[in-house]
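Letters A, B, C and D mark the chains as written, and numbering starts fresh at 1 in each.
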Amino acid sequence: MRVALVRRPIDAAALLAEVAGDECGATTLFVGTVRDVNDGRGVTGIDYTAYDAMALREMEAIANEASERYGTPHVVIEHRLGTLAVREASVVVAVSHARRAPALDASRYVIEELKRRVPIWKREHYLDGTREWVDPTGRGTAEAARTSGVAALSAPTPDPRPAVGVSEESRL
Amino acid sequence: MRVALVRRPIDAAALLAEVAGDECGATTLFVGTVRDVNDGRGVTGIDYTAYDAMALREMEAIANEASERYGTPHVVIEHRLGTLAVREASVVVAVSHARRAPALDASRYVIEELKRRVPIWKREHYLDGTREWVDPTGRGTAEAARTSGVAALSAPTPDPRPAVGVSEESRL
Amino acid sequence: MTVTVLLFASYADALGRSTVELPLPDGATVGDVVSGLGRIAGAAGRLPAAPMVAVNQSYASYDQVVRAGDEVAVIPPVAGG
Amino acid sequence: MTVTVLLFASYADALGRSTVELPLPDGATVGDVVSGLGRIAGAAGRLPAAPMVAVNQSYASYDQVVRAGDEVAVIPPVAGG
């Protein structure tokens, strides 16, 4: 098991080799890549930034959870930070297991939890030269909230700490 | 989209590159490998053999089905034939898609259908020097049927042609 | 007519050959092919009762009619992947 | 006590800085940190009403008490992967 934040291209083939084991019949690789369109806007690249120390802790927690839930020590996660071009890999998740079903399940668990919990952010570069932080919650950026007059910091009702396992339920 | 039966090692990294696309945000690789134990017996290698022409037709059909169901042209399947050692890859499925959920679903669809429909067989080599054809249905090999006295060829009630989509339901 | 039946893997091992030339009446079905296989010399008890069969590289039901020139194959439980 | 609050990504851009030194009474909670951030010069309206907060690199509820030396961070909606 290993997790890392890297500032160079991710070597997917190396991760594939890293999780190999004589007892493993199935290996899965999930590769997240920069795509050229998001929400209908042309994208030329993405800056990834993180709260490094906490991101690593969450990635480690996720790898541990996947390892325990699905019963394999062979879980590796690398996430890249910095500025990436279209087609470049931002994240690679490698899992191997004796059996294919838990290998596939573990891979999905890791990427869903990563997207839900790990404090990494991306700012997309658009064809028109603008750049914007992506808010997958769709609740709007701080800027959007400001310009639309949404009041600041008045109602302390945060998102609760997300319960582990929500994403697994949502897969059913 | 491409499917192939090969008699040399499968280059997983090449397949990963082959399915890349500017519009793709998620790429999944499923790698089936020879493991050192099956049903509690030590395995040293596996012979893979196929009804080549029909196997290719079924693999093509599966790739087409995955492509249409999940909405991506980027589906590649390679299956290796011949004698493989422990850790060697027998099959690699590569899929890429704009979004991760259909990429993961398509990958699972392909490997489940491949295992259910494609006429490929494997003979395991065991530590004790014996070799045996693997029957994943658990109904016993022809040899097992013969020695246990199960009557031959008297009741023409074959497995019906498996309905496409069964494996998808079984994932729910 | 005579139909060539392809055998693979454990079935080929069980019968000690990879093809069988099977004489069949016109209008014979896949079921008749399976029954016919059971009557060839040395085959009794060596194949399961109701194996999967493919005609022209597609899985076929037992009531499908077989024609001269069809590629017929008996398919052991598949184990790819 | 004074707590250093870390800001990231869109929140750091919104306030034009990546840390804020926030004076807080003893026994202050995460909720007090959020309220306190809203009162610093230039912050009004620039952050959402109820952002996620982490204390010592773990997500924290608003009633969690903050202690001197804690690493407190305001977490924009995450977008890794």
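Keep in mind that, in the parts below, a contact is a pair of C-beta atoms (placed from the backbone, for glycine too) under 8 Å apart; a residue touches a chain by one contact, two chains touch by 3 or more.
What you are looking at is a predicted structure, and each value in this text was computed from that prediction instead of being measured.
Participant: If you walk touching chains, what's the least steps from chain A to chain C?
Facilitator: Tracing touching chains, the least step count from chain A to chain C comes to 2.
Participant: Using C-alpha centres only, name the chain that sits farthest from chain A.
Facilitator: When every chain centre is compared against chain A, the largest gap points to C.
Participant: Could you please state the distance in Å, as a whole number, between where the Cα atoms of chain B are centred and where those of chain C are centred?
Facilitator: Going by mean C-alpha positions, chain B sits 23 Å from chain C.
Participant: From the mean C-alpha coordinate of chain B to that of chain D, what's the distance rounded to whole Å?
Facilitator: 51
Participant: Whole-Å distance, chain A centre to chain B centre, using C-alpha means?
Facilitator: That gives a centre separation of 29 Å.
Participant: Using the average of all C-alpha atoms in each chain as its centre, how far is it in Å between chain C and chain D?
Facilitator: The mean C-alpha positions of chain C and chain D differ by 73 Å.
Participant: Could you tell me which residues belong to chain B and also touch two or more other chains?
Facilitator: 32, 100, 111
Participant: For chain D, give me the residues that contact two or more of the other chains.
Facilitator: Chain D, residues with two or more chain partners: 81.
Participant: Between which chains does touch occur?
Facilitator: Inter-chain contacts occur between A-B, A-D, B-C.
Participant: In their complex, what parts of chain A are in touch with chain D?
Facilitator: 32, 48-51, 53-55, 57, 79, 90-91, 111, 114-123, 133-137, 139-143, 145-146, 149-162
Participant: Would you tell me which residues of chain C are touching chain B in their complex?
Facilitator: Listed in rising order, the residues are 6, 8-11, 13-14, 31, 34-35, 37-38, 43-54, 57-62, 73, 75-81.
Participant: For the complex, which residues does chain B have touching chain A?
Facilitator: Where chain B meets chain A, its residues are 12-13, 16, 20-37, 86-87, 96, 98, 100, 104, 107-108, 111, 172.
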